[in-house]
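Here come two complexes built around subunit A, the first alongside subunit B, the second alongside subunit C.
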Partner chain A sequence: MRREAPQRLSDYGPLAFPAIMLTVFFVIPFGTMIAVSFFQRQQGGFYTPAFVFSNYERFLSLFFAHVLGFSLMLAVLVAVCCVAIGVPFTYLMTKMSRRAQIVWMVALLSVLSLSEVIIGFAWSTLLSRTAGITNLMVTLGLMDTAVALSPGFPAVLTAMVYQALPYTILVLYPALVRLDPTLTEAARTLGASPLKAFFTVVVPALRTTILATLIMVFIFALGSYLLPQILGRPQHWTLSVLITDQAIYQSNMPFAAAMAVFLVLVTLGMVALTLFAGRKREETT
Partner chain B sequence: MRKILNSSISRRAVLGGAVATIGALSMPSILRAQDRSIKVGVYGGYFKDSFDKNIFPDFTAASGIAVESVAEPTGEAWLVQLEQAAKAGVAPADVSMMSQVAMLKGQSTDLWAPIDTSKIKNYDGLLEQFVNEYPDGRVAGIGAVAWYITLVTNTDSYPEAPDSWAALWDPANADKLGLLALVSNSFLLEVTAKTFMGGTNALDTEEGINKAFEKLAEVKPNVRLWYRDEAQFEQALKSGEIPMGQYYHDVTGLAAADGHPVRSTFPKEGGIQDSGCWALSRASDKVEEAHVFIDYMSQPEIQATLSRKVGTAPTLKRDLLDLTPEEFASVSSDIEPIIPRYDLYQTKSDWLNQKWTELIVG
Partner chain C sequence: MSSLLHRFYFALVGLFLASPLIVVAGVSVNAKQTLAFPPQGFSLSWYADIFIDTGWRNALFASLILAILSAALAVAIALPLSWFLWRRIAPWANVFQLLGIAPFTLPPVITALGLLTFWATTGFYGQPWTAVISHAIFFVTLPLVTLTLGFTAIDRSLVEAAATMGADDRTIFRTVVLPLITPYLVSGYAFAFVLSLNEYIVAYMTVGFTMETLPIKIFNALRYGYTPTMASVTVLFVVLAAVIYSLIARFGDLLKLLGANSEEQS
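Right after this comes the complex of A and B.
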């Protein structure tokens, strides 16, 4: 079947519904947010419509630069961990029998049904001193005394990777299933070990998919604000946590909006940079 | 019936009206109750459930005024909604339970209708911190309920109860504390000032506040958890994972009664007393009913019922109440409380918030 480009206005008809949805639920709220970010904050009251830059000025400080830097670093790390675990895992999964694949998929999808709150509390119990996994280690004679593994950076990272991994695998799965098995067979015939074949054939063939997955997990992780609160110390709070504080507890909507706009811009910038770098490399190879 | 149909918008209210009318046919006295009604906003969840069960039915029986309770969110979201509705001339609730900071913010736009104190019979019996006044002396709100934030400990980890807030600073308690995460709900500046600087008046000047922040920075190494979510700390306190901290006196008492190894102590500097006010929206036309309601809620018997059933501290002077010493001790204390400097969270909120965040995050 050959696809033709739309000729008449009515050919664009099917696009109307998603376009309306996108406008109502994304463009308008985002526009409102940008507008509010320029409003004047009334301390001890609300805010008044205005066009001031003070909310952005307040954000441009070393303190918030640190918080933003940490949030980006955390999101990148979560994305890298997820892909590093997800690609080999999904690859091995596609080699299994259809039945085993279904079982794995159902298990992964069931993780998606857990809310962030449940994940956070479950991990904080697992990593606690009084009821956590270190008690198991003590019973097995691997450790002398039970210790608390939360709050801390490893706890935040672990829980966020746990939360994002099912998404990662769901995105990777279709591409890996469709991967031509003759590619690896050819590599094996030419004498490559399975490991070498994976890294020299499978991974390069999936470059675009891996890049897209990295970006998706990065954006997903950047919005997380509950897990850093439950499992981290204050220095592990992301910018999203501080945005929530301003919006809900300080009723400082203009400042919260300014921070959110800034976060979106930085995110878009980083995504653009990644895509640009990916395309560059594709051209050179 | 026609009046109900015309005035109400929601289907639920119409159905409610229909049920009430059927009831009214057999019991004329309830018809009067339906003629007069009032919408009361209370914090959703535990408070609203307790009020719906223990307080509102008796009020309707005593006054003939039907109560429609509205669940309001905590924080300041409700204030924003009331304010915007008042601009449009409507009141989502006639009387609302409001936090002290929200009261002050509402004052800045004249949101609260002044209360005629001559209609509140027990006005003179109220503790002075429970009368919220405009700068010109008009009364904006009357204390509804009060609660304490105290020093709590796990009894397994601490066989002896600490007797002073200074325990938070004790190096022996490194990495053992759970404290509230926000400057405007932990009130730790006031605690610092009362414990080490002679009283909350030390926070009058910026130098004083800076000094309190410096002193407070010494607590940081002892803090394991800065919590926003109460359940998070309560769980850790019960299990002994985080054996000391600040928490609500009423809930800790309930947990101890359930057999958990926890206790709440009023330190010698006093517990932190926070409270909610009844305030009337200026857009409400139920001024008469609102006064009847506030008057009813300020009676000694009702305040005693609240203490027994909801676990809140009374807003009236103690000698007016028939609470036994045990009942009083379970909700309050004779030690002079630390009363938060609500004015600071209005006039200096952004500065305080910024300094606080930098203190605990940095």
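Right after this comes the complex of A and C.
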């Protein structure tokens, strides 16, 4: 059956339910959030309709600049780590047998499904003094006493890479599994070592994919809302953590909403900027 | 030599992915109520606790019901939408495809906060059913992606043949389309189910003060008192996810769902 344009109004029937659901429960909530970001906060966690910019004015502080800078830096760092580990991993995985690929994929999907609560709990246990990895070191005689490795920046970074790595591999997989194998074969025939073939043929051929993956992992990492809170100190809190904190514990919905709107804008802005930079570079080369 | 290097690299990544789970599994079999590792003594009582302790059992049931219903609702939204986009030429309808993908792509806090303000404004804040709708919207992306993939895989000449024989849209859907997309329907449901089971922030922001799902319960335990039950629940979740994904791989084509070309390849 060929695709046809809808002729009668009843042809639109199947679209009604999805369209209503997505509009009422996604578009309208999104709009509500934007509206609330301009509302006036009252004492005791309530807010009244208004049109004030005071929630946005609070961004103009050194504290907020620090949080924003740290959030972006952390997300970039996580994205770079994940892509650096993920690209060779995914490339080698696509060369494995179907069976082995399926086993790895099941494992990766299982880790990806874990909520941040569980990842945070698991890593805080692994890095703790009583139940941590350092106990193993002591048992093996590598260390004298067990120490706590969290909270701290390395703990936050490690757990966030842990969270984002399966995602990175899943994003890279479709592009890498369809990569023309004759490309590397040609390079190998011409005498390149596997490592050289990987860096001179595979990586350049995947430049666009890698850039796109970096952006997607960056956005993913920017959304991490619990790990910096569980594994870090207050100076490691990101924008997402701050939004949750303001909305739930400080009961300041207008400010939380303003920060969320800001986060959307930052996310979209970074995507646009990266796409723009990518196009510019392609034009010059 | 390079093959040895490959293995070492894979072992390293595997160890990285597994190590927190190994520690958690170790903690979950402690004999006493401590989070010690290596575990002191051996006991499976913390696994029994998930089902015996009222708090944990209620949280487990809340999570299961939420996941079963919200995944079903997500599929109910995604199926007609993906069918319509496959059957009809209506470029503007792609807006809804985009709306279906957005909640999952944006940072989750944003979807969660949007829904929180929405439920608070409409006065339904805290009702258990709001969590079902919220999760369905948040995870609609997954069945939408698998179903869109499933529809593109349908050979249109099959459908054409049925139409030539005089079958109408409804009959074609029931006899030709539905059997062909069932694997994608099931895997879309399964993805949404597993992720809903694990989801924390949207559930917390919508019903966090009136209902405890397992992730919320774990988070509260993390703040107000550790117990090895947290570890046993974690192990249960990992095993459940692994079993469900293995079933998808066993009865469907997992690699194709994730973007590989087809079964014949490699």
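One rule holds in what follows: the second predicted complex is superposed on the first by the 257 of 285 C-alpha atoms of A that agree within 3 Å, B and C clash if a C-alpha of one lies under 4 Å from a C-alpha of the other, contacts with A are read in each partner's own complex, and residues count from 1 in each chain.
Assume contacts are C-beta pairs under 8 Å (C-beta built on N, C-alpha and C of every residue); 3 or more make two chains touch, one makes a residue touch a chain.
What you are looking at is a predicted structure, and each value in this text was computed from that prediction instead of being measured.
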Overlay on subunit A: subunit C relative to subunit B, clash or fit: clash
Subunit B versus subunit C as contact partner of A:113, first or second or both or neither: second
Subunit B versus subunit C as contact partner of A:157, first or second or both or neither: neither
First (subunit B), second (subunit C), both or neither touched by A:101: second
Subunit B versus subunit C as contact partner of A:201, first or second or both or neither: neither
Contacts of A:248 with subunit B and subunit C, given as first, second, both or neither: both
Touching partner for A:87 - first (subunit B), second (subunit C), both, neither: neither
Partner, of subunit C and subunit B, that touches more residues belonging to subunit A: C
Partner chain(s) touched by A:129 [first = subunit B, second = subunit C, both, neither]: first
Contacts of A:78 with subunit B and subunit C, given as first, second, both or neither: neither
First, second, both or neither for A:36, with subunit B first and subunit C second: second
Single subunit C stretch clashing with subunit B - from 57-65, 219-227, 237-245 or 255-263: 219-227
Interface residues of subunit A shared between complexes with subunit B and subunit C: 121, 124, 128, 130-131, 230, 248
Interface residues, subunit B side, partner subunit A - complex: 75-77, 79-80, 83, 104-105, 108-109, 181-182, 184-185, 224-226, 228-229, 232, 235-236, 239-241, 346-350, 353-354, 357-358, 360-362
Residues of subunit A defined as touching subunit B within the complex: 41-46, 58, 63, 66-67, 121, 124, 128-131, 148, 151, 229-230, 233-235, 237, 242, 245, 248-252
Residue ranges of subunit C in contact with subunit A within the complex: 2, 6, 9-10, 13-14, 16-17, 19-21, 23-24, 26-27, 34-38, 76-78, 80-81, 83-84, 86-90, 93, 96, 99-100, 102-103, 105-111, 113-118, 120-121, 133-134, 136-137, 140, 156, 159-160, 162-163, 172, 194-195, 197-201, 204-205, 208, 215-216, 218-219, 222, 230-231, 234, 237-238, 241-242, 245-246, 249, 254-255, 258-261, 266
Residue ranges of subunit A in contact with subunit C within the complex: 1-6, 11-12, 14-15, 17-19, 21-23, 25-30, 32-33, 35-36, 85, 88-89, 92, 97-98, 101-102, 105-111, 113-126, 128, 130-133, 135-136, 139, 162, 165-166, 170, 173-175, 177-178, 194-195, 219, 222-223, 225-226, 230, 240, 243-244, 247-248, 253, 256-257, 260, 263-264, 267
